[in-house]
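Structures given as structure tokens follow.
Paired with chain B in one complex and with chain C in the other, chain A is shared by the two complexes that follow.
And then the complex of A and B:
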């Protein structure tokens, strides 16, 4: 018993509902003898992974769906044990290098060499090569990326690499130039609505137009989120009519609370309070970028028109710094203090003008 | 007396009575009393606590920094109470072999001899008291065990160590009475040193002695040694000579990161009348170059909000508020700067941090803030732990789900909550079957359920949720069978593979490789004819790094030229 989003995931390229031109291209690529290295990129919930697995199926047939997980253990030079999880079928292998932390370069080299040096044993296989899917490719360290370049060329006869990333900005140019870039854009609301209707049809119930519209708008182009919300709503009110309130995830509500704290009061004590909350969010595995984005959006909603641009400007400023730096909390806090200071000054000037 | 006159000053003027011991008077008295009562307490099986509650312990452990009279007072007390001290150095045992076995055997041998001596010496007064010194070289675990067994014998044991907090001493601490010796105050030492100097016919003013004492951090042994060597050439000493002497004899002890932090952030570290130069402060950083800057950075970040900047002291009301926010903003952004610098060049942070701090507080730091353990470390380790657990959950769900870790956290946990946690809150034990079915669908185990709950914040925080669910409903998971997506390597006892982690390619190397690749692609057109080149290429790969780096240099020059042309 799984959730709808996983139950109704398209299995073949023909089943996909949007980005038809992309599907056609993928199909013809899979049919040609010369399948390239590929880089899928786009926001999360757009359907990158789905497209990758569909492409793999197109390449090798239903055999790729027989997945198994294998855990490998490595010992790093500093005697730390690294457990790397590998998802694989007979035809492909999927790795998440961020599990290896600082040692991603050596781990990837080791794994790729092993795959590249073994030939496909299955004589009925449609292709001689195996496919390596690298998840979260944008979290690859520079070293690992540099090491990957040579491997991509050297083992071309036995192996193809499919990278999957949210954005290409963290990938070095040589990697990008060795891949066929596949942008999977977020679906627009209409496309999302067709998917939602498709799911409703499969489950044999009626989906009111307003409900699907509301879900599509709320999820901001994230198909996964839309489907999960859809299911939650269906559980709440089975007929999906009337005014629907979409429950926000726990962390989002928490972020909003932080934003409210910032707007309500500006003092050192308040900063401390906010810091405690930020720590809490970070410790519970919410990525700092998401935190900053959610809080900033909420703050912008609540402040005066004249301040909105500034708040966003500084959010962007500290977001970059966060990516460059090591300790995310400092930059988050710097932004919080900046906004507080701005807000207070703004209010102060405003007050004065009023008095005069 | 004559023999004593030949020895070192430290032995010549070793305290002969309790009065002569500098500092730690109370502790020494306690020690003596304990030794005095030892035979009585032994007879009654160490049941009566006595005046200092010490008599329930068979052994005492004295801890404290070197050279402040731990050994001396132990010897003296033993002698005064009629024991013949035997000194044992644990570090001797360690030198022999790193394995535990010999140490234990060595200890056993000792215990044997002790017993024999005991039998030989019939008179109950002439007991033996033994010292075990576990100084810089720590006892091996087996050694501590053996020592523990040794403590159970009929000999009073006084253990002496420098660092009470050492992990290896843990088993000993439980069995012994802990006694901490502190560095004596300068005055207590001064009079003693003055007396000795007078006896040696040296003319040394009090302030000079003070300088020597503070230079050696109240280490009496070191002061005496310094004086005795000085006496060979001269019989008087002035202030500057003392300062230089102390400087020469300075011990390069490694301070703990916390000490260093205290020194740097302590009262008036950046005040107008500080003797330490910026250079001195920077030297502090090298005591632990990886941790100190980090700690300082955290300290600043966590403390800057609690201090009141000097610049706002004269302001009142709203302007004060605004100014303070402005200053906070500056401080926060300079901390943010420091983090960026840290990411680029690890190590310069301290200087920048320290200076940033100085600029910000202008000496108003005042040291009123107690040094607390930084929260960042705790939060960070919690984050790592949860992130690892989340990784486990993601891998299990992976067979059904396409998302990565972050997606699981941000979307799935929220979506799963009404299915696997909410029913347990609402319906209790009746919902268990449904919940288990749902969890099996995603191959989630009982631990993963805990993780899902632990990751919640706000109203879904783990302690809030766990309070609402009866513990009995949770235990029923183990009574049924569940699908497993894979076996953990740990369960299969897989032998870990060693990674040959050579030094990571530095930036120059990367550049080097870059160029190489460009070359290859340029050459691609005429690839057909030259197989020799491939051979040459192979040779080139196996050649020594020396030539490679030379090539790298030439290519960088080329690269520069190319840039110029463009």
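And then the complex of A and C:
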């Protein structure tokens, strides 16, 4: 028993099942002497990281798969110690600076400088540069991004940077312009079905057509999610026949119920109730933006056409505040209350124009 | 509290002139002779307790020659000297010292508290009714705000029950300004032993020594210092305890730790914990240890370090920087059976009033001059916030003022009242005078001009409110298009609450956030409050303490949004559950981390492949798989148990999470830290425990 997502993750660019044109391009890039900084972006579960590791392998050979984990300690300007896990091979290094929270700038600067100032010592290495993979680049703070921008130019000879992000909108323009953008789109259901069937074939069992179809549709373009669901289903009902009920993740159901609470009743007592639920979600490490998004989508489904735009507008509004601010619950709750108030007035046929 | 015993001292004879010298002698007893002479010959560093007019020089040689024997005698004289009516020079001591209570009846502390302490002490010495409690009566921690007679109570009981207090003092305190230069000789001497080593030696010696004078003075001399307080070190002068008798049981003394080592320094703190721990666990029972902690006021904004961010995931708060029972004793010790905690509350106004009146009677029985008017005393009591030391100070000041300004004012008391109030307020006004509970009440009840008085208010308070209303100006009328923002003038003075608030804006925000819903009648009002919270948080950004506008903005936006008047339906102010949630989140995040590491180490695949999973992905997508694995119970996968913290999220039927509503304001089953990372909250809890003091039923009984 193991995680199929990890077990059947493609190792080389040739193994990839979809986005063939992207694979060809990556291969030729790796072959050329001149490898640029790159920015992989696309929805979660589309295969960005897989493509990055395949590219690295193409660049340096199987040596990149010999990974080790280092725990590094950084000292913030205010003398606080930050512990960051770093995954590295002889040829590349992988960091998730968002682990450092607000101090990601320190981590980025220290680490990049250190890597950039050391030459590749392995004479057999195919390339003279090392690659730095930065995960979750879109959660980098402004400071860190600005720090990155300068280093990217300065140490080009020793180092290439591969950024991995969900969307480019949170990256500052100078970084975007210094990178070669690689969009990894979510696979369509057919492509996902191919992958699922491939896994089933490797495991030597039969995957009914409708099951794979259902899984692919349900996972909304998230390959990782599809494979996880597939595996969980297989564990529950080994023959995968009959009607399958694909359980949504707990937190998603939870969010939907919260949305129902909001629509059902609008009162201070209900606000309190919703807050308890939001707290519960936060306590389970569900990122607040995801909470907001999921609840908002559900609320939009349930309210009148005329209100939908407003609901989303305020969701976006408070999401911004959440990023700037500190205590997520305030903003989540402020949005909830705002929606409640909107809904209530809508029900009473108020003219909303007076209130904004 | 550091006051001097008055007339009840039973021993007599001897010149009170020697009073002040005792500390010098203490010093001397442990030092090389030449040093001794020097120390005693120079004016010792006495604090305010005016030692000025005393004929020192002739005394000092004596003391240096026979230090150990002299000390108790002087002690005795001491008592006598203070006991004398104030005709003499001792008169220029402060009242606080002069009129220190010596018998329990004089204490303004609530009787039950004194009884608690007394019971503990007798259990510590005699072992309680069953005789077995002694083992567990090792450490008593007295906590409470400043000026609540913690130390005095102990001293009074020491006198009454006949035991001796051996007190530790940091020798650093010797270096008052006046001795800076003279003390160079000391340096070499002091440098030989680190302060904490001395402390440890003190503890060992104090806990193994016996009540013979030679030894006890040796202990006493462990702390070369010249604070006036050390005059209480040896209380053996009470007749009940013959000073030279070695036949007394060896346990009739206790160790008092009030001047603590620098426990904010972490290594020192660790050693301190160790020392106390070993004290508790040692099989032979030494003397009990009493630790006195004055709650230091926590004044908001600088309570945060500027880098104390508490962002979404990895909240990291900086270390504690206040001394409270948790940091002092450490997590395990403070919950161990060896430690008893007795929290002193601010002194109830009725009790304080009585005590002050008694003091005045006593004082003016022997001096000429008029006691201040009754309303002045009341005013002092009112403004002192339960701090009797400051009240006594203020009272003394009030008498001085009246005296110096001539008798005229004394006669027309009514007229004085107004100006006296102003003067007194200026003198006695204490920075941190608004109790959190009051602050929240002020904001959340949102009283405005012209509100009908609440039903539970007495006629007098209602009149006060009306009076206040008269002073408030009406705001200029708003134009039509802003009419929805029209409010009556608020009775809340923003400047006052902002400056008197015991908490900072970020904590205020949390409190408002936790409680506002109960005070709103409508979602629109909630919207206003929430919008304010959200805005302030967003503007304040990641450094919560940087903007000075946060506090007023929060308060104002809340006041503006709440209904007027707020309907009273028995709302209870709850503590923010935010900290609780954050702790849970922290734990869950660790669970996620465990799973990530486990995945990275090849827990679920054939090869080690670190770095493939991010925390967010695990939290969002792996939950179902983890639960499926759990259900099927596959043993060979050594899944980290901690995954349950985040992987399953059942919808609880009740609708409302228990810890939000169910928690009432004094809830002892408290969130708080354990890890010591929530500094602010820890301090707050202590505050809250004391917050109901003026309403305690037993206090009202006292009022007669």
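Going forward, the second predicted complex is superposed on the first by the 312 of 356 C-alpha atoms of A that agree within 3 Å, B and C clash if a C-alpha of one lies under 4 Å from a C-alpha of the other, contacts with A are read in each partner's own complex, and residues count from 1 in each chain.
Quick note on the criterion: contacts are C-beta pairs under 8 Å (C-beta built on N, C-alpha and C of every residue); 3 or more make two chains touch, one makes a residue touch a chain.
All values derive from a computational prediction rather than experimental measurement.
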{"item": "Which superposed partner A:251 touches (first chain B, second chain C, both, neither)", "value": "both"}
{"item": "Which superposed partner A:142 touches (first chain B, second chain C, both, neither)", "value": "first"}
{"item": "First, second, both or neither for A:329, with chain B first and chain C second", "value": "both"}
{"item": "Partner chain(s) touched by A:288 [first = chain B, second = chain C, both, neither]", "value": "second"}
{"item": "Which of chain B and chain C A:273 touches, first, second, both or neither", "value": "second"}
{"item": "Shared contact residues on chain A - chain B and chain C", "value": "1-3, 6, 9, 44-45, 49, 67-69, 76, 85, 87, 96, 99, 135-136, 222, 224-225, 228-229, 231-232, 235, 247, 249-251, 253-254, 257, 266-269, 271-272, 275, 279-287, 290, 318, 321, 324-327, 329-331, 333-334, 337-338, 340-341, 344"}
{"item": "Chain A partner contacts - residues on chain B that touch it in the complex", "value": "297, 301, 305-306, 318, 321-322, 324-326, 328-329, 332-333, 335-336, 339-340, 342-343, 375-376, 379, 382-383, 386-387, 390-391, 395, 398-407, 409-419, 437-438, 440-442, 455-460, 485-490, 494-501, 504-505, 510, 513-514, 517"}
{"item": "Complex interface listing, chain A residues touching chain C", "value": "1-3, 6-7, 9, 44-45, 49, 65, 67-69, 76, 78, 80, 85, 87, 94, 96, 99, 101-102, 135-136, 222, 224-225, 228-229, 231-232, 235-236, 247, 249-251, 253-254, 257, 266-269, 271-273, 275-277, 279-288, 290, 318, 321-322, 324-331, 333-334, 337-338, 340-341, 344"}
{"item": "Chain A - residues contacting chain B, complex", "value": "1-3, 5-6, 9, 44-45, 49-50, 53, 67-77, 81-83, 85, 87, 96, 99, 103, 105-107, 110, 135-136, 142-143, 146-147, 149-150, 174, 222, 224-225, 228-229, 231-232, 235, 247, 249-251, 253-254, 257, 266-269, 271-272, 275, 279-287, 290, 318, 321, 324-327, 329-331, 333-334, 336-338, 340-341, 344-345, 348"}
{"item": "Residues of chain C that touch chain A when the two form their complex", "value": "305-307, 309-314, 316, 318, 506, 509-510, 513, 517-518, 520-527, 530-531, 533-535, 537-542, 544, 577-578, 581, 584-585, 588-589, 591-592, 599-600, 604-612, 614-617, 619-625, 627-629, 631-632, 634, 636-637, 645-652, 655-657, 660-661"}
